[in-house]
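Several structures are given next for inspection.
The same chain A turns up in both complexes below, where it pairs with chain B and then with chain C.
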Partner chain A sequence: MALLRLLAIRLLTTLVTLAGVAVIVFFVIRVVPGNPIAMMLPPGATEDDIARLSALYGLDQPLLTQFGIWVAGVLQGDFGTSITTRQPVLDLVLGRLPATLELAIMALVMAVILGGAAALTGTRFRGGRTEGAIDVANGMALSVPDFLWGLVLILLFGVLMPVFHISGRVSPALDLPFTTDFYLFESLLRLRFDLWADIVAHMVLPALALAIPLAAIIGQLLKQSLKETMNLDYVTLARTKGYGETRVILREALRNAALPTLTLVGVQFTFLIGGTVIIERLFSYEGLGNMAIDAVINRDLPLIQGIVLLFALIFTVVNLIVDLLYAVLNPRLRHA
Partner chain B sequence: MSFLSIRNLSVRLKKGPPLLRRVSLDVQAGEVRGLVGESGAGKSMIGKAVLGILPPSVEITGGEILLDGTDLLRLPPKDRRRRIGASCALIPQDPLTALNPSHRIGPQITDRLVDILGWPRSAAEARARDLLAEVQIPEPDRVLRAYPHELSGGMRQRILIASAFAAEPKLIVADEPTTALDVTVQKQILKLIAGMQARHGTALLFVTHDLGVVSKVCQNLSVLYSGMVVEDSAVTDFFAAPRHPYSRALLAATPKYTDPAAGLTPVPDEVIAAVRAEVAAFDAGGIA
Partner chain C sequence: MPDAGQIDGRSLIRRRAGLRLWLSAGWLTLLAAAALLAPWIAPKDPLAQDLFLGRLPPFWMAGAEPGYWLGTDSLGRDVLSRIIHGARVALMVALIAGSITCLVGATLGLLAGFLRGWVDMVISRLIDIWMAFPPVLFSILLIAVLGPGLTSIIIAIVVIDWTRFARVVRAEAMAQGAMDYVASARVAGRGRIGTMIREILPNVLPTIVVLLTLEMGIAVIVEAILSFVNLSISTDDPTWGGMIAEGRTSIHQAWWVLVFPLITLFLTVLSFSQLGEGLKDRFDPVLR
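What follows is the complex of A and B.
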C-alpha cells in the first residue's frame, strides 16, 4: 500500500517537474544567441530566403504561440521534426536512448562493483596498510573528472596497449541482425557472443571513465558507513556466535551500511548520466549525449527540447527507483 | 574443575593505563557468579575478554582464560571463535541495539545453530519455537517472522535470552541485562534469566552494579575496583560480613527501599583512598 501511494505521488511530481523543464528549455534556447535558420542557409542568403525559411518552421510566430504549438504537439506524442535531419524528434531520440542507457547502466554496475570491493576490502583490513592504499586510490579517482579519465584510458588501453576499441559502439564491418537498439542486451539474448564481445570491447573504456569517479564516492561512503556499523551491538553479538570477520561484514553489516550509500548513489547516477554527454563525444559513441552536442551546435531547437525532456524524465525515474529500493531494503520503511 | 578459569588476566588500553590488573576468578559448571563494581571498574571488560569481543583499542598483556581447561588466548583466532561460539553466549545490555534491524527474528535465533554448529534448518527452527515458548512469548510463528522494530524492548530482551540459550551453552555472560529496561520489566527479565539458568544448568557470569540483583540470582561474587578483584566471596558470606573495607562501604551505599528517609550513603573518602592506595601499591609491583 505504502509503495502504491509513493508511486502515485511520485508520478504527479514527475509531471510537474517535466512541465517546468519544458518551459525552461523552450525559452532558454530561444533567448541565447544563434538561430537555426542562420545555420541552414549558405552565406549570402537574401532577407527573403530567411523570412521564407523562418515561416516554414514557424519561427516567425510570437514565442508564446510557438510554445503553444509545441506543447500541443507534445501532449499528442508529437515532439516535432528535427531541423537538421528532417526526421521526427521522437524517433531520433528513442533510437539513441538505448545506447546511452546501456552505457550508463554498464558504468553504474562497474562503479558498484569497484566501489563495493574497495569498501569491503578496506573494512576487512581496516587500520592497516591495505586501507591506507585504498584511501589513496579513492582520493585519486575522485579528484580527476570523468572526461580526463576518458583521455587517460584512451591513451593507456587504446594507444599504448590497444586492447579495447576507443571509437563507436560496434565495429562497422559487423552485420547486426538486431530488431531493437539495445545491442548489448539483444546480442546476449540472441546468444551472439561474438557480437556481444565486440560491443563490450567498445563500451568498456567509456563506461570505465564514467564509473571511476562514482566508484570512488561509493567506496569512500560505504567504507565509512561499514566501519561505523561494525561497532554496533548486533555486530558484536554476531562475533560471539562464532562468525569470522568476513562473514560478520557481509552478513551483519553490509545491508545496514548500504542504505545511506544507496541514496547518494542515486544522486550521483544522475550526474553520471550527465557525464555521458562529454564521454560519448570523446569516444564517438552514438548515444543521446553525442546527439545533444550536435543538436546544440546546429541550433536544432526541436531536437534539443526533445533530448532535454528525455534527460529530465530519466533523472526522475532514477530517483523513483532509488526511493523504491530504499523502501525494499529498509524494513522499517516498508511497514510504515 | 571449573568450566571458566581466569588466571592473572591483565588488559590495558593500547599504550595506556591498565584496565584489568591480574584478575583471577573461577566459574564452576552451573554456577552463577556476580561481577560487581562501579562504572569503569572493568566488570564488563572481563566478560568481553572471555567472549573475545574486546574493542580494538585495548590489548591483553598477560594471563590466561581457561575454558574447559584450554587457554583461549593461545588458540588461533578461528579455533577460538568456534570454541566460544559453541560453548558460550552473551545476553547483551541493550536489547534495542543488539538485534540486527534488517534481519527477521527467526534467523537471529537460529543462525548460530545452522551456520556454526551445522544443524539442519528445520531442527533449528523447531528449537527456536520451543525457546520462544520457554521465554513466554506468545504467537512464536508471528514473532519469528517479525523484524526487531515491530517488538517492544522487553520482548526483544526475551528473544536475546532465547538466542543465548539456543545452543545449550555451558557459560553465559549477562552484561547488565536489565539496565536498559523499564523497571517493571526488569524484575520479570531477571526472574526469567534465573529460571532458565536453573533449568538448563548453565554457568552464568552476571555483570551488574546492582547488589540487590546479586543477592537474588548469584551464588558467588567478585567485587572489582579499578580493574582489581578486591573481594571474592560466596554471596551469603558477603552479605553477612563483607571482608574488604570497600565491599562494606559498597554494601552500605546500596539504597534501602524500605527506608527512603535514610537517603543515600556515599562510599566514604577514606575507604576510596585506602583502596586507591592498594591499586597504587599493586602497580608499583607490591602484593595487593
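What follows is the complex of A and C.
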C-alpha cells in the first residue's frame, strides 16, 4: 500500500518536473537570436521565401500558439521536424539514443567494477598503506571532472600509447550489417567479434572518462559502509565461525553495506548521463550529446527541444527507478 | 578516553589535510599573481601570430626557439604567454561566478530550509526541474541565447549551479532549524528573518564556504568546456579551454599545445577541490 502511494506521488512529481522542463526549454530557445529559417536557406533567398518557410514550420505563429502545437504534438509522439536535416525529430533522436545508452551503461559497469574493487581492497587491507593509497587515488579521481579525465586519457592511450581509438563510434572502413542502432549489443548477438572489438576499442576511453569520478564515489561510500558493517555483531559471529577475512567481507558484509551505495549510484548515474554531452563531443562519438551541441550551434529549435526533453525524461525515470528500488530493498520503508 | 592509535590517526589526517591546504593555496596564489601581472610577466604577446614560428616545440626539444619556453601553436602564438593570460579569464570567472552563484543559491536554500511551507515547496520543485536538465547542454543552450562573452558565461554558471548550494544549504538549515537554540532564540523574541540571519546563517556558513571553494573549481571547468565548444569569450582572447580545443585537433603534430594548458587546468581544478576538502576537514568538529 505504502509502495503504491509512493509510486503515485513520485509519478506525479515526475510529470510536474517534465512539464517544467518543457516550458523552460521551449521559451528559452525562442529567445535565441538568429533566424533559423534564414540560416537554412541559400544566401539568395528573398524575404518572401523566409516567410513562406517560417509558415511551414509554424514559426510565424504567436509564441503561445507555437507552444500549444508543440505540446499537442509531443503528447501524440510527434516531436516536430528538424530544421537542418528536415527529418522527424523523433527518428533522429531515437537513432542516436542507443549510442549514448550503450556508452552510459558501459561507463556505469566500469564505475561499479572499479569502485567496488577499490572499496573491497581498501576494506580488506584497512588501516594500512594500501588503504591510504586508495584514499588518495579516490580523492584525485573525485576532484577532477570527466572532461579533464577524457583529455588525459586521450593523451595517455590515444597518443603516448595508441592502443585505443580516440574518435568516432566505429571505424569508418568497416561494413556494418546492423539493423538496430545498438551496435555493441547487436555485434555480440550476431557473433561478429571483430566488429565488437572495434566498437569496444572506440568506447573504452570515453566510457572510462565518465566512469572515473563515479568509481571514486562508489569506492569511498562503499568502503565507509563496509568498514562500519565489519564492526557489527553478526560479522563478528561469522568470524568466530572461522571464516577468513576476505570471505567475511564478500559473503557477509557486502550485502548489507551495498544499499546506501545503490541509492547514490542511481543519482550519480544521472550526472554521468549528463556528462555524456561533452564527452561525446570530446571523442567525436556519434551520440545524442554530440547531436545536441550541433543542434544548438545550428539553431535547430525543434531538435534542441526534443533532445533536452529526452534527457530530462531519462533523468527523471532513472531517479524514479532508484527511489522505487530503494523502497523495495529497504525493509524499513517497505513496512512503513 | 580515546586510545593512542585514534589520536595518532587524527593528527595524521590533520597533518595531511594541512599539507593539501598549503599546496593548493600555494598554486592558486601563484596563478592569481600570474593573472594580475600577466602583461608584465608574459614573455610574448599572447595574440601575436607568426606563421614562420608555427608549432615550435618546448625549450628542451630539438628545434626550439629561445624565448618560446613552452613552444607555439599552429599560428605561432606563444603557449606560455597564452596560459598566463588565460589565467585572467579563468580566475575572473571562478571568483565572480562562484560568488554570485553562492549568494543566490545559499539565500534560496536558507529560505526554503528555514521558512518551509510554500516557499520550500516552490524552491524544491524548481530544484527538481533544474536537476532534470543535463548541465553541459543547458549551459551551451544559455550561451547560445545570451551570446558569447564573459558576462554570458557568468550568468550561465549562476543560472545552472545555484541548485548545488540551494540543495545542501536547505538540508543544513532544516537540520539547524530543529535544534533547541533556534527555539530559544524565537522564545527570546527574535523574529523569523532575524533568527535565520543571526542564528542559522553562522552555523551554515562553514558549509557554504566549502561549497563556494568547490564551485570556483567547477566554474573554471565550465568556462573551459564552453571555450572548448567554441562558445566562450571570443576566438581571439586566450582561454585554457580554447587552447585545449586547438590542441585536441593538432594532437599528433604538436602535443604541447594540448598538454600545458591541460596541466594548468588540471592543477587549478584539483587545487580548488582540495582546498574545499581541506577546509571541510578543518571545520569538522570531530577532527578538530
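Note that the second predicted complex is superposed on the first by the 290 of 336 C-alpha atoms of A that agree within 3 Å, B and C clash if a C-alpha of one lies under 4 Å from a C-alpha of the other, contacts with A are read in each partner's own complex, and residues count from 1 in each chain.
Simple rule for what comes next: a residue touches a chain if its C-beta (ideal position, glycine included) is under 8 Å from a C-beta of that chain, and two chains touch if they have at least 3 such contacts.
The shown structure was predicted, so the numbers you read here are calculated from the model rather than taken from an experiment.
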item: Partner chain(s) touched by A:D233 [first = chain B, second = chain C, both, neither]; value: first
item: Chain B versus chain C as contact partner of A:R255, first or second or both or neither; value: first
item: First (chain B), second (chain C), both or neither touched by A:R192; value: neither
item: Contacts of A:H202 with chain B and chain C, given as first, second, both or neither; value: neither
item: First, second, both or neither for A:K241, with chain B first and chain C second; value: first
item: Partner chain(s) touched by A:L329 [first = chain B, second = chain C, both, neither]; value: first
item: Broader residue contact with chain A after superposition on the shared chain, chain B or chain C; value: C
item: Touching partner for A:L151 - first (chain B), second (chain C), both, neither; value: second
item: Residue ranges of chain C touching chain A (in the complex, touch as defined); value: 125-126, 128-129, 131-138, 140-142, 144-145, 147, 217-218, 221, 224-225, 228-229, 244, 248, 251-252, 255, 258-259, 262, 265-266, 269-270, 273-274, 277
item: Complex contact set, residues of chain A against chain C; value: 13, 16-18, 20-21, 24-25, 28-29, 31-33, 139-140, 142-145, 147-148, 151-152, 154-155, 158-159, 270, 273-275, 277-278, 281-282, 289, 292-293, 296-297, 299, 304, 307-308, 311-312, 315-316
item: Chain A partner contacts - residues on chain B that touch it in the complex; value: 51-53, 56, 78, 81-82, 84-86, 88-90, 92-94, 97-102, 111-112, 115-116, 147, 149-150, 160
item: Contact set on chain A toward chain B in their complex; value: 127, 232-234, 236-244, 247, 252, 255-256, 329-332, 335
